[in-house]
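Following are the structures in question.
Look at the two complexes coming up: chain A is in both, with chain B in one and chain C in the other.
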Partner chain A sequence: MTDTPLVIAGKSFSSRFLLGTGKFKNKKDLTDSIVSSKSEIVTVALRRIDLERHEENILEYIPAHVTLLTNTSGARNAREAVRIARLAKASGCGNWVKIEVINDSKYLLPDNQETIKAAEILSAEGFVVLPYISPDLYAARALVKAGAAAVMPLGSFIGSNQGLKTKEFIRVLINEIDLPIIVDAGIGTPSQAAQAMEIGAEAVLANTAVATAQNPAVLARAFALAIEAGRLGFLSGLPLQLSLSQASSPLTGFLYNDIPAN
Partner chain B sequence: MTFQQIKNILNDNTPQSVEDLAQEAAKLSRRQFGGAISLYGPLYLSNFCSSHCTYCGFNSHHKIERIKLAPHQYRNEMQFIHAQGLRNILMLTGESYKHTPVSYLKEAALIASEYFQGIALEAHPMETFEYKELFTAGVDGIAVYQETYDRARYAQVHLSGRKKDYDFRYATAYRAAEAGMRHISLGILLGLSDPVYDTFALYQHLRELEKSFPGVEYSVSFPRLRTVKTASLASCDVNDVQFVKIIALTRLLFPRMGINLSTREEPKLRDHLLEIGITRMSAGSNTSVGGYTLLEKKAQDPQFDTKDGRSVDEIVKSLKSRNFDPVFTDWRHIENGL
Partner chain C sequence: MNIIINGTSRQLNSTRNLSDIVSAYCKQSRHVIAELNGCIIPPEQWGQTSLKDGDTLELVTFVGGG
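Right, the complex of A and B next:
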């Protein structure tokens, strides 16, 4: 069975693994991870791009064929996110932007309302907008209206490696929203990424887990394979999971048990 | 965590418990920050001071040469720091409203914006409207240390000047946050008073701030009292064991918080502390006004003596060899406010 490509804003990708670039202990690990996983979309925080210093400029470590998704890390409201996105575009980072509006430095949960506002403005300006949100149906619907190219709900707290804690809420988005749902944040292991794909996510983004692994390039590859496996599982039409154990007091047994013995 | 719990942890000096604490903190730090260590350069703009703090090299009673850099002079200093590769700057002054008024600091911020992506300021506490002006001029961060949360001790070491007012100083972080500052740094001067109480009170201060202003990125500093040329100093020494535990406990209780490390500490200790939870450090520092480009080394009156004389390049090399990722740029100027 062959898969269709992931399509975002009319652009096709054969990889469904998005990689974040924070927290790598060195930039060579980052390059190796992109190469080993064949990831084609990579997020970079504008605040971390050192344009002046070639040796330290993270962009020099990202292969040219990769689509750059600049994120607005550091923005605390819509206005700041919009400014960061414009600055990214002006700095030559393209017009793909992951809107990240966080006004809580303890839990780092995204502010959905401000994210929607920023999405409206940036989409109208021609940006390809991928907003990072807490999985909420109304927010996702507002983002569709705002012209977002995809929706990126969090699996659990960012950087926590806790996995798909918001599974049922993400499932609602997958069922109801006609945009690619890309699970972002909290995905700590390949099996968790596979799980997200099995329920029908279009792609998964991971960062902390890969960046802080003993061997980032190997884990990046493992993520890519797990995502492919999960995707195939989804496409196969997974069998319903039924409990095999017998209930102790069957509710429908009476239908058959009361046959009079002759 | 209660005062008693913190006391138990900080007073338990068995090597195993210290090691356990450090291991947990190190793991958490790596998960939260990877190997990222933000580097910044301190720039002393002025040492005029109207406060009399018994422990400080700049205090108003010391007969040191008082200097305030003129714009062309601090521009030179900024160019020097910039040329070392640093893009975050911390501008410092003594506490003098008269000599370094908001207008002076604003001009410095505007010039700093030409060279730096992150601009923080450590100066006298100001009012909210003044912080707003500075924020609009490009200052993103404010550092203000309470020094000690023990009111009685505070009164003993802050003899005159506006710094004498404990409550005004305590509320400074709230005013800065109200004005829109992104980054606020608090700290205690270890050695001034009971470190257990001060650590506990600092944590409480941070928790209160987090609730009132959750969007601010907080960081903490734990400078230890060091000898200054003209000195009358520490009442209780904080040894390396206790110092390590304070850093580790801070990481465990505040997983995402920035922890600063100053050049007051020896390079060897600095390197070890990085593993445990440090996320920000100064590099290539000079703590004298005009110390980078203006003054001969022998003519300098530093605020405190630095113990780490390594250049930025040396520190970067050392960080990389230990699997850390030195971060020069962690912000991009957007027009603040408006």
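Right, the complex of A and C next:
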């Protein structure tokens, strides 16, 4: 069975794994992980240049064929997110933006309302907008109206590696929203990524898990394989879960005639 | 002349343009984005953009992020 490509804003991707570039111990791990992940979309952030410490430019370590998705991390409201997105666009590195608005420092949960406001403004300005949200049907519907290119609901607390705690809410978005649903945040293991794909997510984004693994490039590859496996599982039309046993082998034509004793 | 670059006040001896500032403070100008007093200045205009006392300049670039 061959899969159709992931299509976002008219652009096709053969990989359904988006990789974040934060927290890597060194640049070699980052480049190796992007290569082994086969990711075609990677996220980056925008920050003030440290004028005392001449840091290396991260873009030098990202293969040229990859689509850059700049996040608006650090934004506490729609206005700040819009400002960051415009700055990113001015770099000439494309107009794809992951809207991320967080104004709670304890849980780091995204502010859906401000995210919607930013999505409206940035879509109108021609940005390809991928908003990161708490999985909520009404917010997702508002984002469709706002012109978002995809919706990125969180699986669990960002950076927590807790997996797909919001599974049933994400399932609602998958069923009801006519945009690619990309599960973002909290995905800590390949099996969790596979689970997201099995329920019909179009793609998964991971960062912390890969970046903080002992061997990031190996885990990046494992994620890629799990995402492909989960996707095939979804496409296969998974059978239902049953509450009782059902024999896998036929229950007739035994080599003996008596019924097995309990 | 006093200008604020990335939140820190800095004393500049002579009048300089944005291009000079970027060369002085950044390792490389590639992928540097400059915002002067809230307005984004494209790199091709840096040479003609002179700074004046009290200006606020933000110099940003890409870093790793999720």
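The rule we apply is simple: the second predicted complex is superposed on the first by the 236 of 262 C-alpha atoms of A that agree within 3 Å, B and C clash if a C-alpha of one lies under 4 Å from a C-alpha of the other, contacts with A are read in each partner's own complex, and residues count from 1 in each chain.
To be clear about the criterion, contacts are C-beta pairs under 8 Å (C-beta built on N, C-alpha and C of every residue); 3 or more make two chains touch, one makes a residue touch a chain.
All values reported here derive from a predicted model rather than from experimental measurement.
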Clash or fit, chain B versus chain C on superposed chain A: clash
Touching partner for A:N71 - first (chain B), second (chain C), both, neither: second
Which of chain B and chain C A:N103 touches, first, second, both or neither: first
Which superposed partner A:L251 touches (first chain B, second chain C, both, neither): neither
Partner chain in contact with A:N26 - chain B first, chain C second, else both or neither: first
Partner chain in contact with A:L46 - chain B first, chain C second, else both or neither: both
Touched partner set for A:N161, first chain B, second chain C, both or neither: first
Touched partner set for A:L87, first chain B, second chain C, both or neither: both
Contacts of A:L59 with chain B and chain C, given as first, second, both or neither: second
Chain B versus chain C as contact partner of A:L205, first or second or both or neither: second
Set intersection of chain A contacts, chain C complex versus chain B complex: 22-24, 46-49, 56, 87, 208, 211
Chain C residues touching chain A - in the complex, by the definition given at the top: 5-8, 25-28, 30-33, 35, 40, 42, 58-66
Chain B - residues contacting chain A, complex: 30-36, 85, 87, 117, 182, 210, 214-218, 256, 320, 323-332, 334-335
Chain C contact footprint on chain A (complex, rising order): 20-24, 30, 43-49, 51, 54-59, 68, 70-71, 73, 86-88, 90-91, 93, 158, 185, 205, 207-208, 211
Chain B-facing residues of chain A, complex: 22-27, 46-50, 53, 56, 74, 76, 80, 83-84, 87, 102-106, 108, 159, 161, 208, 211-212
